[in-house]
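Both complexes below contain chain A, partnered by chain B and then by chain C.
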Partner chain A sequence: MAQLLRPVARTLPWWTLAAGGGLGLLLAAAPRLTGDGASGGSVPTALRAAALAFALGAAFWLDDPARHTTAAVPARRALRHGLRLALLAPVAALWWTAALLLVPQPVRPPVAGITVEAATALALALTGAACAVHRGDGTRPGPAVAGFLLVTAVLSPLLCPEDWALFVAPGDERWPAAHDRWAVLLGVVLVAGAACLTEPLRRHRLRRLRSPSGT
Partner chain B sequence: MTATTTGVPSPAVTTTAPRPSWTAVFALAAFEGRRLLLRVPVLVAFAVYLAWTVWRAHRVGDGHPALQDVDRATQGAPVLVGLAVLLSVHQAVLRSRRYDTERHLSVLVVPPWRRTVAHLLSVVPVTLLVAVCVGVQFTWQALKPTAVGHGSPAELLVGPLSVLLFGAFGVLLGRLLPVPAAGPLLIVFLFLFSVFATAPTSTGWSRWLVPSVGENSSATLPSDLIGRPAAWHALYLAGLALSVALAALLLSGGARLWSVRAGAAAAVALTLAGAWGQSRGVPEETAEARVRATVAPEKTQRCVARDATTYCAFPEWGPRTGDWAEVVDDVRSLAGGDAHERPLTVRQRIEARYGLDGDAALAASPHPGEVTVGTSWGGNRTPEFAVAVAVVLVTGREEASGAVCDGRIVPVMWTALAGRPDPVADLRRVRLDDSVTGGAIVLSQTETLQMTAAHTEVLRALLDLPRDEAAARVKANWAELTAPKVTTQRVAQVLGLDAPEGEDACQ
Partner chain C sequence: MTPTVSASGLSLHFGRTRALDDVSLRLSPGVTGLLGPNGAGKTTLLRVLATAVPADRGAFTVLGHDPATSGGRQEVRRRLGYLPQTPGFHPDFSAFEFVDYVAILKELTDRTARHREVRRVLDEVGLGDVRGKRVKKLSGGMRQRVALAAALVGDPEFVVLDEPTVGLDPEQRMRFRELIARAGEGRTVLLSTHQTEDVAMLCHRVVVLADGAVRFDGTPAELTARAAGRVWSSAERDAGAKAGWRTGTGSFRNVGDPPAGADLLEPTLEDGYLLTLDGAGAEVTA
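Showing the complex of A and B:
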C-alpha cells in the first residue's frame, strides 16, 4: 500500500486539478471582488460555478496513460482507484473550505446545503470517470467526462422541472426540499460510482486486437 | 517485405518547395466541419436549441408578436450552441496531439497555420446553420398576420456571430493551451466574465462586452425608440471573432506573413471601433423622441375614425386598429343608454422615458372619453382592454376608475366580459390572484379596479344567465345601474338577482 502511494501520487493530474481549483477560487471570490458582497444575490451562483470548476478539474482525476499496463498488477482496480480518491479527498475538503471562507459571512448560504450540491458535482465527475473506465477501453476518459459534466451543468438548470426544483436561492422556502433531492442525487451517484470502481470480468464489447500497452 | 521496399524508386529530390495548396486546406476544413456538426455536444446543443425555440415560438407575444422584440429573442439560445462548438473545436484541434499524430502531420505540405485556418473554417458551417435557424425563427413570426413593427438585421446577426466567436475562441485555446481541461474551464471562466460584465453594479459600457445583451424590461416600444446600439454591437462581435481567429493564426506560425499581421491589426481596430460605438449610450435624439412619445404621443400618432370611435396608434401599430375596434364594438353593443354613439378615443400610450431599463406604470388618461391601449396584445391584454373601454363608457373618464367602488363595477365588468368567448376564463385572467370568487384586484393597462366579494357574486350570477336575457335586463336599467354611488344590493335587485351575501367594502 505504502509502496503504491508514491507512484500513484506522482501520476495524478495535479496541474489540471490546480487549474480547476484556482479558477473555482476566483469564481468564489467574485462576489467579494465585484462589490456584490453586500446584497449577495450572486453568491449561490458563484459558489455553484466554483464547485463546477473544481469538479471539471477532478473529471481528469482517473486519467491514467499507463492503464493497460497496470491492469495486470496484483493490486485491484478498486484499490488503485480508492487510493486516488483518498488522495483527492483532503485536497477537495481543504479547497471547499477555502472557497466558502472567501464568501463574506453575512451572505454565505447554509453551509450543509451548498456543500451537498458541491459534493454531488464532484461525485458526478468522479463517477463519470469511473464509469467511462469501467465501460470503455480508453486510458484518458477526462475530456469526454468533462464535456458530459459541462453539458449536464448547463442544461439541468434550464430543463429542471418546476416541481422538482434543484437550483433554489437560500432564502427560498423550497431550499430544504431541494436539498433533500440533492442528497438523494448524491446517494444515487455514489452508489453508481461504487459499482463502477471494479475491473469488469469481461469486456462488454468485442475487443479489437491490442497489445497490453494499448497501441 | 524488404524486397518490395527496395524496389520502390526513391523520390526525385526537389529543389523548390511544394506549392502551398489551398485545396488541402479546404478539404481539411470540409472534413473538420462535417465532424464538428456530428459531435455529441453540438448535436445535444442543437436539439435543445431547436426544441426550446419551437416551444417558445407558440408563446411569443401571446400570438401578436412585435418584430422589434422578436429579433432580440433570437440571441440567447445560440450561445448554447456556441459553447458546444467551443468545446468540440478545442478537442478537434487537440486531436492530433491526443493520438500522437502531430509528427505525421508535420511532414505534410500543410503547415500548422494552414491547419489552424482549416479549423477556423470548420466553424463556418455551424454558424451558417445557426443563421438559417435564426432566419427561420424570425420569418415565422414576421409572416404571422398579427405581427407588427420592424426587426433589426444587426440584432439578428448576434446569434450566428456569437457562435463564430466561440468557435474562434476554441481554436485559439487549442493553440494557446493544448491541454484537454482548458476547454471546459474556459467556458466556466467565460461564465464568470459574463457575470462580472452584466452585474447590476456594472456601468453601461461593460454590459455590452458579452455577446448577447438582454434588457431588464419586457415592455414593447416603437422600434425607433429602442436605442440599442445593435449595429455597433454586431461590428464589435465580428471584429472580436476576427481578432481571436487571427490571434490563433499568429500563434501557430502565421506571424511571418504580413497579411496576417495587417489583418490582425485591422480586426483589433474594428473591435475597438465597435466597443467605442456601443458604449456611447442612448443618442440625444432618441432620448428626445422617447420623451415626446411619452408626454405627447398625439404628435407622432396617426388616427383613424371608425363609427363613433377614433383610434390613435403609433405608425407601426396601425394594422392592429381592427383588433381594437372588434373589442370596442363588442363592449358598446352590450352597453345601454347613449353608450352606442358616445364618442370615444382609443389612444395608444407608452412610458418610454426610461427605455428598456425598467418597467414603469402608466398613469391613467385624464382626458374624458379617452381609453389607453398598450403596445402588446393578445392573452391577458385583450380582456384588460375590454375592461378599460367599459370603465370609460360607464364613468366617462379612465382616471376615475381607481375611485370607483360601488355597484357600477357589476355593469362595467359584465359589458367588458359578456361579449368574450369565455367570460369566466377572462374574468380569471384580468384578476390579479386568478380567482373567480371572492374579492380581488382587477388589472388594466393603467389604473386597477377593486372587486368585492359581493360584486363578484352578482357578476357571476349575471354571467350565468343567457346572454340575451342578461343584456335585455342591463340595457333596460342602464341609467340606474351606472348612477354614481349605487349599491351592490340595489344593482342585484334591479337586475332581478338574489341579494349578495359576501362582503361589500373596498380596502
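Showing the complex of A and C:
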C-alpha cells in the first residue's frame, strides 16, 4: 500500500480541489472583506457557501482517466479509493480550519455544528462520486456529480419542510435539532459511500450501465 | 487439456438491449480471434471475461477460478492482462511510471524485481528507448503499446485484447501483430478485432459473435471453408450476390449463392465471415 501512495497522489485532480478550496476561502473571508464581519449576519451563509465550493472541487476526486486500463487489477477498488480519501482527509481538515479562522471569533457560528454541515457537503460529493463509479462506467464522473451537488444545495433550502429545516441561523432555537438532523444525514451518506466503495460481484437490477457500443 | 477459460450461458442486458445471449465458449493457449460487427457484444464479452463487469446470468472460470466470488476474482485478476478498447492513461506519467503503477496494482511488490519486469515489457513492446517520455508526448501507436505493456506486465497467463490495432497505420499494425503473436506463445490470448487479416495471420481459432450470440466457433480454415463454392467473379454486379464489389482488375467479386456456371474464386476468411453474418441475420456490408 505504501508503494501506491506516491503514484496515486500523482493521479489526483489537485487543481479542481485547489480551485474549489481557493474559491471557498474567498467566500469564507467575504464577510470580513466586505465589512460585514462585525454583525456576523452573513457569516453562516458564507461558511456554507465555502464548504459547498470545496465539496464541488472534491466531487472530481475519484475521476480516473486510467480507470478502464486498470479495471482488472487485483488491487481492490476499496483500497484504491480509500487511499484517495486518505490523501484528501488532512487537506480537507487543514482547509476547513483555515476557513474558520478567516471568520472573526466573536461572530463565528458554533464550530461543531457548522463543521457537521461542511462534512456532510464533502461526504455528499465523495459519496456521489463513489456511487457514480460503482454504478456507471465513466472515467470522469466529476462534472455530473458536481452539477448534482450544486442543484441539491440550491434546492434543498427551498424544498426542505419547515419542520425539517437544515439551514438555520446560529441563534435560532432550532439550531440543535437541525444539527441532529445534519448528523443523521452525515451518517446515512457515509454508510452509502462506504457501500459504494466496493466493486460489485453481481449486477444490480437497476444498474444503468450503457453497453460499450452505446446501445 | 484443461481450458484456460470455460464459460457457459453468459447473458447480459443493458436495459432492454441484449448485449450477450447465452454465450458459451472454451479458450485454450494460443491466440483466439473474436470477430463481429459493431454492437455484436465483443467488447461486452471481453469485459465480462476480464472481470471488469459481471454478467447477469451464466458462469465461467478462468484458470480454474470462479470470478463470481471475491477470492476467485482476485485470483483471476492476478493472472490476467487486459487491454481495453479505449485505454486511458495518466498523461503526466512517463511510460515507465505508468506501467510501474499498473505493476504495483497487480501486486508486484518487490521494487527491484518489479522495475526489472517493467523494463522487460517495455523492451518487449519496443518502447525501451522512450520509457522516460511522458505518455502525453507519445504518438497514438506508442500509447497503444504502453497499454499493451501494462496488460503484459507480470507475465499473465490469460490476456484479453480489445481491438488493439484500431487506429494504427499499416506498419504499426504489423508490429502489433508480431507482439500479439509473441504474447500468444504459451499464453491464452483473446483478441477482439474487426480486421479479418489479423485473425487469418494470428489466430489458431476464431469465434464470430453477432447480436450477442456465438455464430461460429472453429478454426480460421473452417470459417474460410464456409465460403467454398460461394465466391465468384463476374463482369457486372451480380444481383443475386449477398455482397459484391469491383476489384482492381475491373471485374466484380461476389459472395453468396452463385449462378450455374459461375467463375468460382478461392474464398478468404473474410468471405466466410460475411456469409456467417448473413446467416445470422446481420447486415452484410461490403
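Keep in mind that, in the parts below, the second predicted complex is superposed on the first by the 201 of 215 C-alpha atoms of A that agree within 3 Å, B and C clash if a C-alpha of one lies under 4 Å from a C-alpha of the other, contacts with A are read in each partner's own complex, and residues count from 1 in each chain.
Throughout what follows, a residue touches a chain if its C-beta (ideal position, glycine included) is under 8 Å from a C-beta of that chain, and two chains touch if they have at least 3 such contacts.
Since we're looking at a predicted model, the values are computed, not measured.
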Just checking: does A:Thr11 make contact with chain B only, chain C only, both, or neither of them? Give me first, second, both or neither.
second
Which partner does A:Gly113 reach: the first (chain B), the second (chain C), both, or neither?
neither
Figure out whether A:Pro65 sits in contact with chain B (first) or chain C (second), or with both, or with neither.
second
Looking at the overlay, what does A:Pro141 touch: chain B (first), chain C (second), both, or neither?
neither
Look at A:Gln3 in the shared chain and tell me whether it touches chain B only, chain C only, both, or neither; answer first, second, both or neither.
second
Classify the contacts of A:Val73 with the two partner chains as first (chain B alone), second (chain C alone), both, or neither.
second
Chain C-facing residues of chain A, complex:
3-4, 7, 10-11, 64-76, 80, 137, 139, 200-203, 208-213, 215
Okay, in this complex, where on chain A does chain B touch?
13, 15-16, 19-20, 23, 26-27, 30, 34-36, 41-42, 45-46, 49, 52-53, 56-57, 59-60, 140, 142-143, 146-147, 149-151, 154-155, 158-159
For the complex, give me every residue of chain C touching chain A.
12, 14-15, 17, 19, 38-39, 41, 43-44, 47, 50-56, 68-70, 73-74, 77-78, 80, 82-93, 97-98, 100-102, 104-107, 109, 111, 147, 150, 160
Show which residues of chain B lie in contact with chain A when the two form their complex.
40-41, 44-45, 48, 52, 80, 83-84, 87, 91, 98, 179-185, 187-189, 191-192, 195-196, 199-202
